[in-house]
Every structure is written in structure tokens, then in C-alpha cells.
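Let me begin by presenting the structure, written as C-alpha cells, before commenting on it.
For clarity, chains are labelled A, B and C in written order, and residue numbers in each chain start from 1.
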Amino acid sequence: MLEKFMRKKDKVSPSSDNQPHKTEESGKKGFSFQYAPSLESTDIVKIAETQKLFINGEFVESTGEQFFDTLNPATGLALSKVVESTEQDVDKAVRSARKAFEQVWSKTTGSERAQYLFRIARLIQDRSRELAVLETLDNGKPIKESRDVDIPLAAAHFFYNAGWADKLDYAFSGKNVRPLGVAAQVIPWNFPLLMAAWKIAPALATGNCVVLKPAETTSLTALLLAEICQEAGLPPGVVNIVTGAGETGARLTNHPDINKVAFTGSTEVGKIIARSLAGKDTKLTLELGGKSAQIVYEDAALDQAVEGVVNGIFFNQGHVCCAGSRLLLEESIANLFVKKLKARMSSLRVGNPLDKNTDVGAIHSQVELDKITGFVREAQMEGLEYFSASATTLPKEGYFHKPCFFNNVSSSASICRKEVFGPVLAISTFRTPQEAIVKANDTAYGLAAGVWSEKASKIQKTALGLKAGIVWANTYNKFDPASPFGGYKESGWGREGGRHGLLPYVEVQS
Amino acid sequence: MIQARYVVTSGGQRIPINDQPVDQVGAEERALSFTKRSIKKQSKLDALYAIIQMIDLTTLEGADTPARVRQMCAKAIQPVPRSLYAELQQDYKAPELPSVAAVCVYPTLVGTAVDALKGSLVQVASVATAFPSGQLPLNLKLADVKFAVDMGATEIDMVIPRGAFLSGQYQKVFDEIVATKEACGSAHLKVILETGELQTYDNVNLASRIAIMAGADFIKTSTGKVNPAATLPVTLVMLQVIKDHFEETGRKIGMKPAGGIRDTKTAIHYLCMVNEVLGEDWLNPDLFRFGASSLLNDVLRQIYKQYTGRYFYDDLFSMD
Amino acid sequence: MIFNRTTTPSPLVPKTNKLFINGEFPRSESGRSEPVHLHNSQKLHSYVCRASRKDLRTAVTAAQAGLPSWQKKTAYNRGQILYRMAEMLSSRRLDLVAQLQELLGIQENQAHEQVDKSLETLLYYSGFADKLNQVLGTINPVSGPYHNFTALEPMGVVGIVYDQEFNLNLFFHQIASTLCAGNSLVMIFDKPGCALLSDLAEIFKTSDLPNGVINLLSGSVEELSSPMASHMEVHALVVASADKDRLCQMQKLAVDNMKRVILWDFTKLSVEPLSALSESKTVWHPVGV
């Protein structure tokens, strides 16, 4: 099969042929560069048949018996069984957190807390391969992303917040701050370990104890993090993890002995939690949904803008609250941009998340896949121009969806208003910066936005006009523990990350 | 940004140069992504054989002699002695080992190379136009080119006048390339931008477009005499210009990163990049070359490793 | 004689306090008005309009429309306007002191103290407008070639439900901090404090404040708190309600558009109310050539 590389021997010698490159054969000498599967080994991961809860520093059995499967989205097969925590489990976890807070954690010094957090960060790094593989197995995201984004960032969150623990005096302009007590934290399935780190690290740094509930479909890395907490010698009860679905989440957030609730997830559930906490003294931060727009001006660096748009919507299969799911193109470059975008999308490699060359992995679950295909079908029925990288063949097993977009979408189309949470982009055009800003803001959400232009003053003006908590200018979907994250309007309350991310976990003394 | 930049042809026609701004961080990030590709097994083997065929085996030293060039030419035709390679073919059914694409030498050694390569398919490329600095009057540069072509070079690697480019004399750059192309006759023209001196990707983008509009068959990153030479992001920016030009005109321009590509791993990153930016059509020596010298030996080592599972010591291959 | 002419400069003709919407003084569209009496007395002080839900909607629309002009001003300029308010308040001191006495039964020296504190409050936030981002903004050292900063921005239209016993300083504290953070506002306040509405509005009317930035509604908090909490164009709610049930109800309604609910427990002049009344926006930009 390698003959295809061999140059024909019967050709005349170059010195006597002045046009050696213009022969009929030219162009046929190329080879088909198929990347052979390069699978990350899963040997490093040991998954128990059934999972336990992590309460008071120990892995304990639930008092309940209602187990459910946690699946590998790339195969649809069960990886392990996870338990739905009972009221008693949740209560026990909260009590253990309270006890740890009162007896141990509130008495530690900042530098002691920092030491624990540094150690956890280091252990995450030490076990990064294992965590990455487990994350990819349980979530379906490409190993490339769990390896290069999720796990390193999770460690970075602990490192970053560790440093704050003994410097809180500097964080609040000379004010004294006190921890709140026990924080109930409920996190989503799209960045399981990263969200856990994102929640736990600032809470612990500021002196709080936590009860964390991972999403019911992605508990495994959170439980491995619990093991790491144990290994780091974290005092029992400072971090507790209960598993289960919405019911467990409600039990936790409505527990009477909670001082603080931090939730990341859908706006729908966020609103339920907010209503349930109305009239209570519990502090609440919410990181909710989004329908973020990317504005591409005609004077943008178009090739990099294409990258940013692709990264914006297809990163993590579009299962990202701040996904750039709407694309607003200046009319003068719209056709050119769409052409470039199509070409770029065609080179995306969709498939087995464990393959190191996979760019787009598995849709997280059948439920999500159905939701996405529902949106796509609806938009198709509305007659919208649809494109998906047709050369891509999807694996037969598991849940997959081709990266795709709809072009010339009106602002009223549901694909332009509702959060799809999948690899589906809605494209429309604008004529002036003013129109671009108005269109970008034409949503109930306000999490993030992107703007692409090489004209600095236009970037500044646009960024000011955008009603969004994060504005990525000439880049997109960048995350850092030092950078505050959170949205305007229905995308949530409060910020996480950075100095601003400490505020929701403290009481500032006047 | 669509800037109104024009060059004027000798016939008085104004040609727009639609240069695009390039965001450095974004371009470098994309380039980095190709280093994350994991090319294994058959796909790696395929790539190794392809790389050999894409190499412009190069020697551009003041100390070059006819003897040295003859040695290199022998290796260009037959990278590994037949007797040695026969073992691989016998034991592992390895395919025939291809020749490299071309040898690249100074004009004075073109004649030697042409003689040494007679009967083979290996092309003779010559650097010209007062390589590497380009600091001679145009008539002397053109004489340089004509000499090389007359001696039998089928490919000319010219340098652009970077001083003119950096002082905004784009018309001069354009005119020199046009004149050189004419002097080449039917020889292929590779235009060296010397990206290490242009420094910004915006400059690389603009220079690539000028070179292509002026008639370059290939655009090439570097002389190998300036650091940095070829890098992945610089090559990416040039590939994207080639892509744009193809989309606009249907004409395929070749790409040659040169200098600094010493190992197989790096070369494979380049192949992945070409594959994903321009597609398989460009994965052949007519449209993609590596300007390199030590790369060949590393590729040969890797071929042995792929088949036998063992690493071979350097002495197995000649040092040329 | 209705009015005690010896101690106060009160007018002989009882006035009707009209609403303050979009820089104008309309009556309530509902045509409702009510008398307000002197403190601990059956004697008439003045009349107040009783704002309706429709008045509230009109006021929110005005606040929404006033927002861009207020945000477009430089922080320095906003600070100057807050300072102008202090000047205007100062020149109305005697009048207000008299009314605080008559209407709320506040001792003269305490009334003066309230004016003093209000002036202090206005000055404090006047000088904070162009420092807020220096105090609470950050440059974030992300690990990558990016310039990353977080700056505070206004939340937008703030609805203030003033349901506590009227205190001039608290009134100015809520208004000054809301404006300092760059927001526009609609305040609803009840009797008897709302009988001061005209006098207070005159201060704002003459302070070079763009129309619609401050809108004051006299009326029933009981009646208007729910429509305020559920209004989709109101972005944040300031409440200090001692009425737990009402607070709970407002918080629930606020969830519809995820209004930020700010429980006003700020007693000191500080950056905290400004922090609570601001959004933060984080901007990333690559650093390259």
C-alpha cells in the first residue's frame, strides 16, 4: 500500500525536462493521511462496582438502596453504580461539615488552610492521568480536553485559592472577613472535576466547610477528589460528598443548617433554588445558562476568529454554559467567513473520546442528545440553512452529534434564543456595531460574549456595550482561576474565581 | 482587515493585495494544537515515507565542495544503501525507499549536482538572488538566477529584499519577484520570505500574498541562516494565505518550511498542519517540501524503529 | 390656624406632592391622592399622589431610558452631579429641617443632624464615583498571553422599595450609592415620608441629573412592592424590609428575571453598597503583535 508514495521511475530525468512538476501524474502522488487510532489506555483507572458517599472523612455506605448506573457516553455502557443519597445521608453530611467547621476548620489559621489546599493541588497533578481518563470515561469529553484543560485547571484552582487563605486581609480592602459556615454546593456534569475544584477551593480557602453534590451522571472524579482530600490529610468533615440527582440536590440546598448555597447548572433549576431560599438567611450564588454571542467585525483577524468560533461552540461538544452559541457576522464578510468556517469544521475529528486525536467527543447522555436533535429538527423544519461536516462518520455506539450550524437565523428562532447545550451554532448578520451590540444583548442571558476586531477602540466600545459577565475579545472560552466568572441577567448571581470569587464565601465585617 | 493595498504590474494593471491581519496569540495557539496530534502505527509509517519524498536535502555552506555535493546527491537518490535496506524489505516487507524531492545547493555547485543526479527523479534546486541577504543590485541577482538555471537547476529558491519590504516598498518586492520569475524560465520559483526578519505574522501574511501575486510557485519561510527559521505558526500563517489564494483563484501554491526542522516528530506536526489546513491535495512534493538536512537521518531511524521496534545507532546511516 | 407660622416657613397653601418621573412632576395617572398629616396630629400637611402600577411601569420605562445618558457620563462627571445634589440639599436645609420636624416629629437638632449626615453621604459617594473601579476593579494575572481585567459596571435599573421609617440620611444613602455605581432608579416610598417628595425631587431636578435617572413614587409599598419585584425591566431590587413575608414574596418574584436582591443593611458609608449595586465584567484580550 505504500506504492502510492513511490515516484514513477519511468519519468524523464529532471535535467532534460524543464517542467517536471506539470506532468499528468502530479497531484496524484499525495497520500491519504489517516490518523490511526491513538487510544489513551484506561488501565490506570480502577472503578469500583458501586460507589459510596464521602462523609466525615470516610467513604460510607448510603442508608438508602436506590442505585443508578453511571454510563460511559461513548459506549452507553455502565461504568459503575451510584447511590441516591437519602435525607439521613444529607443530614449526616451537613452535620459533619458543621462539626468540622465549629471544632476544627474555623480555628485553623489561613496558612494552615493554605497548606491543605496546596497539597490537594499537588495530588491532583500527581494523579492527573488517572483523573483525566476517568473524566473522559464518565463524561464523554475528549481526552485531549480532560488532559489539557479540565485537570490542570482543577489543580490550578486549588493552587490559586490556597494562596488567598492567608491573605484575605488584602482581598477586602482592609476589612475583616468571617467565613459563613457550611456551604452546600451543587455542580453540573459538563466539567465534573473542574467544577468541584472551582467550588471547593475558594470555600475552603475562606474557612468554610462544604457538602458537595456532583451531577448524578458524573460522580466518579468528585469521589476520586474525595480520596485525594483524604490523602492530603484534610480534617474529616471539611469536605463531604453526597451523590444523587435533583432530589438529593434539593435536600441539600434546603437543609436548615446551611449558610451558603452555590449552584452551577441550568437557569431553570437555579430559579427553583432561588425561590426555595427566598426569605432565608442563606447566601446564594448561581452560575446558570447562557446564549452567548460572538461578534465578528469585518476588520477581524478572520482565520483566528474562525478558530475562536469553533472553539467557542464545539469545545466540550458545546456542553458549556458560556458556549458562543450565536455568531453575529458583519454582512461584508459573512459569506467569506461561513466558507472558512465550513472548511474548518470539516477538519474536526469527531469520535472516540479516548482517542488522543479526537476534537469533539461524545454527547453526554441520551437525554442531552435527544434535546439537541430536537432543536436541530425544529430549526430544520423552519427551513433554516443547515450545515454539518458531512464527511464525519459518527461511531455506531454511544451518543454523538455532528458539529453543525444554522445560517441566516432570525433573532426570534428558538435556536437563537434557547440554550441548546450542544454543538449547534446559530449564525446571523449585522451591519453596524450598534446593531451588533443590540443583537448580542437580545437575550435573557448575560454570561459571556466574544468580539473580534483588530481595531482596539471598537473592541473597547463593543465590550462596554455588551451585557455579559465575561467578554472574550479576540479569543474565546479561556478560563483561569484568577479570572472572575459569572453572568449578568438570567445567567446568575455572583462571581466565582479571582479575588471577586472570594466574596460569596465570606461575611464582610463593617 | 481588508486594506486597500495595490501593486502595479509592468502592464500597468493594479492588483489588490488583500492582506489579512493575524492575531499572534490565536495563530500560535492553533499551531500548538498540531503538536498534540498523536500519529501512530501505519499512519506514522505512511508519514515517514511521505516526508522523505518531500525533503529538499540541503547544503548551503561556504565550505561546500563538489565532492560533498556528490555524496549528498547519492544519498538523495538512495537514502540508505540498498544492501542495508534490503533486510527491511525482506524481513518486514518494507516498501521501496523513495528518493528525496530535491537537493538544494549554491549556484556554483548546480552543475555538480545535475551530473550526480542524472537518471534520477531528484530535482536540483539552487538558492539565488544573492542568497541569503539579497543585498545586491537586481541585475546581479537576476544574473545569479540565470546562471543557476543555465547550469540545469529546475528549481530556484530566491530571497525577497527584506529591507525593501520592511520599509514599505512593496512594489519593489513585487517587481523583483516578477523579474526573478521571468529569469527562471520554466524552473520553479520558491520565494523565501525570511520570516525571522519579518518578525510579525502580519508581515508574513502580507509578504506571502505579494509573493503569490508576483508569481511564486512555492513560498518558503527561511534561508536557514537567520533565527528563528521555520516555525509552526509562521508556516500556518503562510498555509492560510495559500488556502485563501486557492479559494479565490483555484491556483495551488506550494509551501516550504525550511530550517529548524530536525526531527521526525516536528516534521509530522507540519504534515498534520498541512493536512488539516489545506487538505490531502497538498501532501505531495509538488506542493509541499521540507528544507532540511539532518531530518532525513532521523526519519530513516524512525522507519527502522517502526519496523524492528529497536532504535538504530546513527552510524548506520551516512552523515550527509 | 392650620400652620404654625412661628416655627416653620411652611406655606399657607397646602400643596399636592406630585410624582417625579423622567424629570417631570406628573400626577398619578390613577388620579388618586391622599392627605398627609402633621406628626401626631390630624392637621393637614399636604397631599400626596398615590402612584399606581401603571405609574410604576412609566417610571421604569423612564429609568431605562435615562440609563444610557447616565452611564455615558464620565465617572468624574457623575461625581460632580452628586456633589451638586449636596449643594442643592444644603440650600434647602431650613425647609427640610422644618418639614422633618412637622411631618415626622423629629427634634430640630436631630433634623439638622440628618441633613448633615445626608450631606456627608452625598459627598462621600460623590468622591467615590471615579474611584470605585480603582478600589474594586482588578487586573487578573492569568496564566497565558492575555490582558485580563475585571471592572465594575452598573446593574441597570434599580428598584428601591423604601418601607422603613423615613430617614433623610438613609434616603440619600440608598440614592447616592445607587447613582454612584452608575445605575438609574425607581423608588417607592410610603407615608408620611413621601410628603417630602416634591422638595427632595427639586434637589434632583436642579442637579444637572439627566431625566429619568431618578424616579420617585409616593404610594403604597404594600400595593407596589410586588409589581416592582416582578417587573422584568428592573435589574436589581433594594429592600430593607422588616416585614419578612413581604420580603420573601419579593424575593420569589425577583427570581423571574433573576433580579439581584440587595438586602440593605449598610449603616456606614463604605464601598460595600457600591459593590452590591454593581455587576462585574471581565474582559480578556490577547497580548501579541
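As a working rule, a contact is a pair of C-beta atoms (placed from the backbone, for glycine too) under 8 Å apart; a residue touches a chain by one contact, two chains touch by 3 or more.
In this text the structure is predicted, and so the values were computed from the model without any measurement.
Fewest steps needed to get from chain A to chain B, stepping only to touching chains, is 1. Put simply, the chain farthest from chain C by mean CA position is B.
When every chain is reduced to the mean of its C-alpha atoms, the one closest to the centre of the whole protein set is A. Of the two chain pairs examined here, B-C and A-C, the one linked by more C-beta pairs in contact is A-C. Rounded to whole angstrom, the centroid-to-centroid distance between chain A and chain C, based on C-alpha atoms, equals 40 Å. As a whole-number value, the distance joining the C-alpha centres of chain B and chain C reads 70 Å. Counting partner chains per residue, chain A shows two or more touched chains at residues 474-475. Of all residues in chain C, those that touch two or more other chains are 144, 146, 286. Shared contact sites, meaning residues of chain B that touch two or more other chains, fall at 23, 25-26.
Interface of chain B with chain A (complex): residues 1-2, 20-23, 25-27, 29-30, 36-47, 49-50, 53, 95-96, 98-99, 114, 117-124, 152, 154, 185-188, 217, 240, 243, 247, 271-272, 275-277, 280-287.
Across the interface of their complex, chain B is touched by residues 2-3, 5-9, 11, 13-15, 17-21, 26-38, 144, 148, 298-305, 307-308, 339, 343, 347, 356-357, 454-455, 474-475 of chain A. Within the complex, the chain C residues that touch chain A are 135, 138, 140-144, 146, 148, 150, 235, 244-245, 247-249, 251-252, 255-258, 260, 266-268, 270-272, 275, 279-286. Touching chain C in their complex are the following residues of chain B: 23-26, 28, 199-202. If you check the complex, the residues on chain A that touch chain C are 156, 173, 267, 270-271, 274-275, 277-279, 286, 288, 444, 459, 463, 466, 468-475, 478, 480, 482-486, 488-493, 495, 498-500, 503, 508, 510.
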